[in-house]
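Below are structures written as structure tokens.
Paired with subunit B in one complex and with subunit C in the other, subunit A is shared by the two complexes that follow.
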Partner chain A sequence: MKINTWFGTLETDIVGEILESRLLSKDIRKLALHSLSLRESRSNLPPEGFDLKAAAIKSGFAESPAEYYFLLHEVTLEAAKLQVSSAITPDQRIIQAVEALDDVNETTNALSERLSEWYGGYFPESGLGGEDLALFIVKYGSRENVSSEDPLYSKARNSMGAKLEPADEALIKDFAESVLSLYERRRQIEVYIENSMEQVAPNLKHIAGPMLGARLISLAGSLKKLAEFPSSTIQVIGASKALFKHLRARAPSPKHGIIYSHPLVNTAPWWLRGKVARAVASKLSLAARIDFYSGEKDPSLIEKLEAKVLQIRTLNPRPPQKKQESGAKLKKRRRK
Partner chain B sequence: MKINTWFGTLETDIVGEILESRLLSKDIRKLALHSLSLRESRSNLPPEGFDLKAAAIKSGFAESPAEYYFLLHEVTLEAAKLQVSSAITPDQRIIQAVEALDDVNETTNALSERLSEWYGGYFPESGLGGEDLALFIVKYGSRENVSSEDPLYSKARNSMGAKLEPADEALIKDFAESVLSLYERRRQIEVYIENSMEQVAPNLKHIAGPMLGARLISLAGSLKKLAEFPSSTIQVIGASKALFKHLRARAPSPKHGIIYSHPLVNTAPWWLRGKVARAVASKLSLAARIDFYSGEKDPSLIEKLEAKVLQIRTLNPRPPQKKQESGAKLKKRRRK
Partner chain C sequence: MPEVKKLSDGIFEVIKDKKHLATKNLDPGKAVYGEKLIPVQETEYRTWDPRRSKLGAMVLKKFNISLKENSKVLYLGAASGTTVSHVSDIVSEGAVYAVEFAPRSMRDLIRLASRRKNIHPILADAGKPDSYSHLVEPVDLIFQDVAQPNQAEIAARNAIRFLKRDGYLLLSIKARSIDTAANPKEVFKAEVKKLEQAFEPGFEILNAKDLKPYHEDHLGVLAKLR
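Up next is the complex of A and B:
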């Protein structure tokens, strides 16, 4: 009879005597990984009442009960650690990246504005902003250094701005350098999210695009949760304020949450936006489920979605004017 | 008779005939600077009715009325620009630096917190935060790289944290790098403010310290305005909420605004804080006035302030218990 234990595989006869043993080395980490895989497979576990300690000593894995218990303790601890570790799943890492991206975006904007205001006193005519301004400042510092090939040369020469003193120039230049580093971080995190989405949720990425897909996972809390959501929930993720207003009062139900940023939704004419959003949400839900349960990429999803949206557009070429009016009347009556 | 004009100095006889002329070169910028200095000095200006254009042509500065007017136009424009430029005074530059510092502080804190949360999943036991954590991450990346000499070595080896994948490691390391660059900016701006304060407001800096002094100038709007404030205003700068509550309702008047951060104020026992704040504000006001009107450093100010505070402490060694009680009663009565 074959018995799998945390310290190796034993071959026993019918009364439990060990005939043969293949022991693992006393490497705590390897033993922990082995015991975790054992817990998952649950194959050939020791029968009830089987004395593992005695078997370990008899087979020569441990020399004494004390050593056996010591190793068991260490391995259990290590296995617990490994389990905690695996808690950061790839979709959780995407969520962290999305959150970091939001922080970076916010701070980049704040510091960019500050830079703009600050440098504006020295070169108000530059017309630059954001990353372009930061690049300009890092390159030239004072507008007196603008090279004659630069399109801003004559503006810089004739500027009404104040003279930038060397101490201020150094300060602003380094400030602009930090702003640039944040712009760089933004791009880097976006690339990371794109790559991770391709691995973790290729279908969702294909249909939603990497950023919208990542935000959906982030707002849902995990890919698993997103896959479990009904598509009507996915349709309004990110519109919780409007949704609760709808549930609480007589406000209309929101037609779309963050999926509004999907190109098929935001290019749809207003009278189709709800229908298109529903179609997109339904395919997103499907994509999330495929990603979570099988993980295989299905390129036909996007084609089906596009066909569906085309169908919606063909069936409703004109705004439903009568309906719209009666809806407005209805609202008015209710308000009274 | 000597006449100063924007294009040079003329020596004329009694009827206005030019005997001698010292003309400036046709450098627009130099001419503009000259005409600005002339406007300030107002010495030997041309007498009323004196024909400058004719004199310029006669003395050979301009060849034709057209050239004269062209040069005059250019010089006037340049002079206007120079005047706008000088609008960014040194105290305004300090204010800009203070505002930039506030932005940098806020964003550094936000990104530091994000880094802490992010890396916390990979090495929750580090016990590090802020700049130390960022330095640690830039140095090692994954906790597996911690050198055996590092005091955190054993914690890193035994950490419950997840394994940091290479792609995430690169991302977090660069993120930490950006955070460090912001900490660096913070220090740089602080040094700038210190140096500028020494030049612009040495007495204020001496009494308030560079950062409190700079913040007072920033909240007042300029050194001039700060110098014009009565010391009772300086005492409550930065406490506008409490001040308006006091003016509107029956709330007690605020004892101190941002001067609370002054070491003499915040180390004073509670029953002396108002008195000490008043003494500090009065010396700050004096310092701002000396800085604005004479600019000479007076080291005796701080000695006088310290003597005054010592006197306040000596005269009031114990909390005024009776007064306090009656004050509380009074308040109660009023509230009824």
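Up next is the complex of A and C:
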């Protein structure tokens, strides 16, 4: 009987005595690669309860248990390292970028608010916010420096804001610069996601748009997982709280998760949201599968989706009438 | 001077301000996940938080862990290695085969294993023991904490392949990962039944206890092959 082990191949008789052995050299890297190559092997597995350590010593691969464990340790460590380093696939990079974007957004908003609160004491009439305010502060600092060509010139002149001391001005200006760079980072990440999505999941990007597509991959965990989800799951990704409330108690089922941000879904009238969400989810699921398994772009997908949504809209032009009768029945039942 | 009481081989109760579950640090001077290090004379103890470790909770729930210094352990669902590090402390002269499926967790586990020579990390799916049968010898204990809906099946497959005839299975069953909606008690009952009957030769259940108050909706199970 032939047995594959991490240190070589053994030939044993019926009672398990080793007749012959082809041992590998004690090269950690080679042993690790050999070990990884055996992962998918379905034949020549060691039988149940086979003592690898005893066999390694008997066959002369290791001189002692201590040496066996030393080599095993090095080999498993090396193999695991190889696996981990190959685990950062393109879709994992997109996931990191999406998560980084969320963090950047949160930070940008918090710091932007701080900036407008801070500068508001010195020039409350500016009416600027967000990136515009940060740009303004970086450009002028104190409102006294606003040039006469600037539309805010007269407002700055007549402002009720306090005078900005040089030390404060320097501080706020630098702070505003940091905020600006965050806005820049945001755009940079968005461009990165858009480009990566075109390469990794062109169909998904086409149907969902780059951001929603990337978010779907991120919430699913990988493109593979997204491709394996049924479309009903894709429909409610991001609505797990509502879904579990529905499963546990008598809450209504969620109609949509993050696919709500899809323009076809959020522009649908309320009585069509569920139907449209279902149609969109089914095409998203198809797109993810094409992207993962074939990778070819299929432009007909979006046309089919649009046709389907149009059909849903024409078939249900008006909101459904509330059925008086069934409503009355329900109330009666509840009273019991 | 902190007072030390031995609970079982390699597992201690150290009293410093309050009672701590602890193991002897195999890698002195180094904390793995922010746990306290308590030196007592020549030995350094590492505190073991039962709220962060199901195995730790099982120890306090009086499960008979029966690990010796040279025991061999197959640890399924090793995650980042917080509990694995304590097992590694306990079986200082033995071996821990630490199986974990997520590359992200494996990153931390590798860092741990590179400092502790008795941990052998394996990045694999615990549901497919064939994929690591070329690495793992027969073991004295299988500890499983995988939070998968088919935990019982995973335990059975691994036990048949790797568990010694007189070895034990320690299992943490998370009710929510089997059925989010059902009553945990019903889930536990069904899972225990699966362990006993769903495969040949089946497990004999030696102990089964809720891990409250350390973990919500978790059942600890100690079993051996019939």
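Please note the rule applied: the second predicted complex is superposed on the first by the 239 of 336 C-alpha atoms of A that agree within 3 Å, B and C clash if a C-alpha of one lies under 4 Å from a C-alpha of the other, contacts with A are read in each partner's own complex, and residues count from 1 in each chain.
Just so it is clear, contacts are C-beta pairs under 8 Å (C-beta built on N, C-alpha and C of every residue); 3 or more make two chains touch, one makes a residue touch a chain.
Please read these numbers as outputs of a predicted model, since none were measured by experiment.
Undergrad: When the two structures are overlaid on chain A, which partner does A:H73 contact: first (subunit B), second (subunit C), both, or neither?
TA: The second partner, subunit C, only.
Undergrad: More residues of subunit A in touch with subunit C or with subunit B?
TA: B
Undergrad: Does the superposition put A:T5 against subunit B (first), subunit C (second), both, or neither?
TA: second
Undergrad: When the two structures are overlaid on chain A, which partner does A:I312 contact: first (subunit B), second (subunit C), both, or neither?
TA: neither
Undergrad: Of the partners subunit B and subunit C, which touch A:W118 in the superposed model: first, second, both, neither?
TA: So A:W118 only meets subunit B here.
Undergrad: Classify the contacts of A:L247 with the two partner chains as first (subunit B alone), second (subunit C alone), both, or neither.
TA: The second partner, subunit C, only.
Undergrad: Can A:E48 be said to touch subunit B (first), subunit C (second), both, or neither?
TA: Only subunit C is touched by A:E48; subunit B is not.
Undergrad: Applying the document's definition of touch, where does A:I57 land relative to subunit B and subunit C: first, second, both, or neither?
TA: In the superposition, A:I57 contacts neither subunit B nor subunit C.
Undergrad: Is A:L135 touching anything from subunit B or subunit C once the two structures are fitted on A? First, second, both or neither.
TA: Once the two structures are laid over each other on A, A:L135 reaches no partner at all.
Undergrad: With both complexes superposed on chain A, which partner does A:L38 reach: first (subunit B), second (subunit C), both or neither?
TA: Once the two structures are laid over each other on A, A:L38 reaches subunit C alone.
Undergrad: Could you pull out which residues of subunit A sit against subunit B in one structure and against subunit C in the other?
TA: Residues 80-81, 84, 87 of subunit A touch both subunit B and subunit C.
Undergrad: Can you list the subunit A residues touching subunit C in their complex?
TA: So the residues of subunit A touching subunit C come out as 4-6, 35, 38-42, 45-46, 48-53, 69-70, 72-73, 76-77, 79-81, 83-84, 87, 244, 247-248.
Undergrad: List the residues on subunit C that touch subunit A in their complex, please.
TA: 95, 103, 106-107, 109-110, 113-114, 117-124, 130-138, 160-162, 164, 180-181
Undergrad: Spell out the residues on subunit B that touch subunit A in their complex, using ranges where they run on.
TA: My answer: residues 81, 84-88, 92-93, 96-97, 99-100, 103-104, 106-107, 110-111, 114, 117-118, 121-122, 159-163, 165, 167-168, 171, 174-175, 177-178, 181-182, 184-185, 188-189, 192, 195-196.
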